[in-house]
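Quick heads-up: structures coming right below.
Here come two complexes built around chain A, the first alongside chain B, the second alongside chain C.
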Partner chain A sequence: MLSYTIKRLLGAIPTVFILLTLTFLLVHLAPGSPLDSDRPMPAQIRANLEAKYHLDEPLYEQYGHYLLNVAQFDFGASFQYKDTSVNDLIATGFPVSLAVGGFALLLALVFGIPLGMLAAVRQNRFADYAAMSGSLVGISVPNFVLGPLMILVLAVYNNWLPAGGLGGWQNYVMPVIALSVMYMAYVTRLMRASTIEVLRSPFIRTARAKGLSEARVFFVHVLPAAILPVISFLGPGAAAILTGSVVVEQIFGIPGLGRFFVTAALNRDYTLVLGITLFYGIIIIGFNLVVDILYGWLDPRVTY
Partner chain B sequence: MAVATKSKSRKTRAMAAAAEGGNSLGRDAWRRLKANKAAMASLVLLALVGLMVLVGPWLSPYNYFSQDYNAIWDAPSLASGHFFGTDQVGRDLFVRTMTGGRISLMVGIVTTFVSLIIGVTYGALAGYLGGRTDSIMMRAVDILYSLPFMFFVILLVVFFGRNLFLLFAAIGAVSWLDMARIVRGQTLTIKSQPYIEAARMAGSGTAKIIARHIVPNLLGIVVVYVTLTIPQVILFESFLSYLGLGVQPPATSWGALINDGTSEMSVAPWLLIIPSIFLAVTLFCFNFIGDGLRDALDPKDR
Partner chain C sequence: MLCSAVIVAGCGGQEDDGFANRLSPASGANGGPKTMRYGNGSEPGSLDPHKASGVPASNVLHDLYEGLVITGDHAQIVPGVAKSWEISDDRLTYTFHLRDDAKWSNGAPVTAQDFVYSLRRSVDPKVASPYADIHSPIVNAEPIIAGKKDPDTLGVKALDPHTLQIRLKEPTPFFLKTLAHTSSDPVYKPAVKKWGDSFTQPGHAVTNGAYEMKTWRVNERITLKRNPYYWDNAHTRIDQVEYFPIDDPKSELSRYQAGGLDWTYTMPPSEIGRIKKTIPGQYHAVPTLGIAYLGLNVRRAPFKNSPKLRMALSMALNRRVITEKILRGGEAPAYSLIPPAMNDYDPVEYQWKNWSDAKREAMARKLYHEAGYSDAHPLKAEYLYPSGGQGKVIGIVAAAMWRKVLGADITPVNQEWKVFLQTTREGYETQIFWGGWIGDYEDPNTFLSIFNSKAALDYPGYDSAVYDAAQEASSHTPNGPKRTALLHKAEGTLLHDAPIIPVWFWTNHHLVKPYVKGFTGNALDNYYTKNFDIVPAGSSDRRAASDNKGASHAP
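Let's look at the complex of A and B:
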């Protein structure tokens, strides 16, 4: 177990490394310099600034500086918000995004898992068709359609919920639902497929043959085996939820990291865009790692 | 020349046999798909959307970019010729939805084609070559898979400017990973079939075996994933356009229209609702057809 964990940890290093290199190359292959502005700059000032940001050094030295800074979690200063470091912006924005994303993931699991199991048990009957059609609708309605429509009905026409911003818990209801529906649908479908497969396996027949109660068969034997694909979906799922929160925060005017990202992208705030990409990248790689290790621990068939 | 004629006549004979009621995989799958009412309905609906998007703009006296300040926020009506109403500068939403649909569908299809070519080549090569090459190639896919690609695409668009070609390339470069994995898995099974061994014994080289014997047999699974990749790509493009990073005005796409509609929804809700319906229905149809195809080609779950 320990050796497997260490092996996976070491395996994540090249991934992080490639992430860093790709982002570095992107920035340096991009046309123009971050110092370009509408008004031409005196050559001396430009040279000084270039020296300050190490832009006058050969590429490999810049790469070295870049790695060193990121290794110390220093993403530099924002171009757009003067006097604010990217680190500060991440520190203010991320907790908000984490709350929205975390609740959305939770909601997706809490509803998706039971729904998928129900559909599997009632395979090819009404409940199954209803759950499957529902989940196809869920997959086909993107959050940037669902979000505005919810605002229109629940906030503009009826004034039941606040349309945006952050205040009380009411502000979280619509964003969390908008973000969650698509993943709820995915989880339902995954859970249905895996439950159907598990229900057919010999160990379930054995459990029934032993005379176990149907409830015991279901919760002790079927559930732990059927939930494994959902566990492995958590890695890509979390990545998708972080991405989705970019648009959901935009719709609902939530001051999270995703919103910073979009404004930064539209304003070409290079350091902020880069910092957030790296930060999210590292989080996603880390989350995948945790999920992999968890999976190995939960699935007795995985050998190290 | 003689060889070519011979192989052609063999193919014709095989086709004739199939037409006489042989149970080829394709025929079987088509029969099962036809029995799937939801998938067939989706197919018809999708064809309808495609037709509308293609010929729709010619049915209207308006175009997608002309502004008309006498017709701002007109509600949908048949009398005025603005079937879907107009937006905040008086542009006709019907024509905009149709031309936007052209872009959304085109991005979906062209990009899926790019990812198809890369994914099938990569996956088939990795699976067929096997051994060390395979593990290195798939390890690379694993690494790419765990990168936050959406953010990379946004970075690309920010740094290199927003144009349609870059959008194709960027999304295509992202979406081949799934295809490569699936194709590789399937290739591993096909590789051990006797007819591959026979081909090798007959002196066929690697390239020929992959192109002539492996890729054609991947067709079933590839068709399923193509139908499932198209909606993903359309969604991806809409997502970028919604954020203002995709298609640039005056051109438009469903995502960009939904973005416009969101800011106008309290005064002109049709601007949000109509493009949303088109996008959702299209995605829904593709997903339903993909699901139906999967069931039809691999009936063990139903």
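Let's look at the complex of A and C:
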């Protein structure tokens, strides 16, 4: 297991390098410059700024400078947010995305897993139909519809929750729900399908034949096997949900990483785009690794 | 729909706004700090007065820093750190007498030397301020920006700690107005030296305005607290200011309605009609120094050397339909370059402004045919607009009008914002393009100078010796009939040559809670929180709402 982990971590280095190189090329090749704004500057001032940010140098030299800085964990200064560094922006944005995303994921699992199992056990009965149609709605209603709707009812018409921003725990309620609903629906459906499949497999029949109690059959034999698809979904799912949701952050005015990422791309904020891409890349690779290790632990058939 | 929703939600309903009762301020009533909460558009890129650009940044900077002069209720120049000034007879030397009691937020006095340092920094090519050229009237500013002279040679001098002298290379009638711009604000040298780029951060920043930095969380809020050393602190009534960056006007409106904001940066155009009906007393339409226009690239075909074609397109556009049916926010249709909100100036306007639609369209067709186009040989061109904003809908409407009136075949083409900026700046591909401009200071020159053939902003590639000469002469002629004649000549020449099609003049839309006192719209849309107060409804009840209505600029 340890040698496997080390092998995977070493394998991640070229992946990250390729990711960084491609992103660097892409952002620099995109038309438009970080220096373009609705108030264009006189040519001389523009030239001064290009010199300041090394934009007047050949691309390979710029890349060399950049790699050298990244090797020292310095992502540079943001083009857009001139008074702060990319490191600081990630450091302030990530905890927010982590809190919102973490709670949303927790909510999705806490409700999605039991609901899916319930639907499987009561297959083709009322509880099943209710859970499945509910999850269909959850998957179909995009969060850019759900978010404003919640704001209208819970904040504008009734002053129960703040309409946006960060402050107390109240500010987290709506974004967490808006973000979690789709994942919750997805987990429910995954869990239902896999539970139904596991319930029909021979080892469950064996367990029942041995005279085990239904509860023991369910929680000791069915659950660990049925949860595997959810676990493998959790890798990319957690990475996606933790790195922030642009839409939810935008609607609720939350200063998370997702919003930084999109505005950085639109602003051609080269350093911020690269910094967040690298950060995302590492998180996604990390989560996939954690999931693979979890897999080996949960499923005795998988060995490394 | 709104009413029934309120009933379903079980709300009593505020009599005037139809929302639950959100007419109380965040604080101030029971001893907490009086807090003003602004919606502030997008996140400021910088709070360094010499690097900042954009309205959101200047809104915050107006509270943080005070220049030699600032702007008053009607965008006029009023004393700031300078309590008085003298202008020499040749109009080349300005001598400012600074307040003895002006202080930085750490208690240090604000001196003439601070302004010398700051103005030099503002033109220093190493700092690369996007607004450095606003200082070009000052002696040596231009060669310094171009890197040909040392910043120390700038024509500013501290005669003593409280007397500042600025020398101009030529008389400039609007020079004082450029000093009210944030790029003329002083910065605190020891903080800049110590902290570098991050000298604007809370804990580092030392400011001389009515407020100082408290917290700054990018994309969440900027909080300012009272500067206890500000010279007029005794008259500052609001203790704390919060600026929330909310790009989406619909989200901003929700937060205003839910009671999270006291002032909105703007309004969703689709909601203006409803808001005017439900909460008219809180709605303020402020005509500002801004113009929306369609640019015509005169460097290349089909618009090169074809003034008749350009004029035909301009005349074929029914501006009233655009302002009344599409914008619906009280915007004025534009038949000139300089907005009517500009004080002390009557713009030159197209004569056909008051013609009947039939007459105007007939003339447009006549010019179109004279330019060599007809139904058999229609004009084919592209109209380029950026993603987001009104460029798209205006393009569709304009293309339809041009098709109907002239038979021209104009295709709207979209580009993402930064790509659009690059394309229009380079000017190789553009034919017709979306354009707009908001004045930096309150003088016609802020509009006329952008179409000078030497200006970076001259996107249409307009190059007229007559125009350049009139514009340049007007910027060195003292205010009076002679200058007005030059300004009229420049504006008239531009309108005649038609490198741009003026469409409408900008109106900003704000919602302001009735308990916020002291709000008066002005042409620059410049506000200083130190002039505002928050008076909770309980302490002045009914009078509060009517006071606010009295100050309203709503049409």
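As a working rule, the second predicted complex is superposed on the first by the 256 of 304 C-alpha atoms of A that agree within 3 Å, B and C clash if a C-alpha of one lies under 4 Å from a C-alpha of the other, contacts with A are read in each partner's own complex, and residues count from 1 in each chain.
The definition used in the following text is that a contact is a pair of C-beta atoms (placed from the backbone, for glycine too) under 8 Å apart; a residue touches a chain by one contact, two chains touch by 3 or more.
Given the structure is predicted, the values throughout are model-derived calculations rather than measurements.
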| request: Could you look at A:L49 and tell me whether it touches chain B, chain C, both or neither (first, second, both, neither)? | output: second
Task = Kindly classify A:P162 by the partners it touches after superposition: chain B alone (first), chain C alone (second), both, or neither?
result = second
Exercise. Which of the two partners, first being chain B and second being chain C, lies in contact with A:V27: first, second, both, or neither?
Worked result: first
A:I251 in the overlay: touching chain B, chain C, both, or neither? Say first, second, both or neither.
both
### Message
Touch test for A:L266: chain B only (first), chain C only (second), both, or neither?
### Response
both
- Query: Touch check for A:A77: first (chain B), second (chain C), both, or neither?
  - Reply: second
Of the two partner chains, chain B (first) and chain C (second), which one does A:R301 touch, if any: first, second, both, or neither? neither
For A:L152 in the superposed arrangement: first (chain B), second (chain C), both or neither?
both
Message: Just to be sure I read the superposition right, which of the two partners does A:K210 touch: chain B = first, chain C = second, or both, or neither?
response: neither
Both chain B and chain C touch chain A at residues 30-31, 148, 151-152, 156, 250-251, 266, 268
So, in the complex, the side of chain C touching chain A is made of residues 5-6, 9-11, 19-22, 43, 45-48, 51, 53-54, 125-126, 128-133, 145-147, 197-198, 200-201, 217-221, 244-248, 250-251, 254-255, 257-260, 416-423, 425, 436, 456-457
Per the touch rule, the chain A residues reaching chain C in their complex are 30-33, 36-46, 48-49, 52, 77, 80-84, 89, 92-93, 148, 151-153, 155-159, 162-166, 250-255, 259-260, 263, 266-268
In their shared complex, chain B is touched by residues of chain A numbered 14-15, 18-19, 22-23, 26-27, 29-31, 124, 133, 136-137, 139-142, 144-145, 148-149, 151-152, 156, 193, 196, 235-236, 239, 242-243, 246-247, 250-251, 261-262, 265-266, 268, 270, 273-274, 276-277, 280-281, 284-285, 288
Per the touch rule, the chain B residues reaching chain A in their complex are 38, 143, 145-148, 150-152, 154-160, 231, 235, 238-239, 242-245, 255, 258-259, 261-262, 265-266, 269, 272-273, 276, 279-281, 283-284, 287-288, 291, 301-302
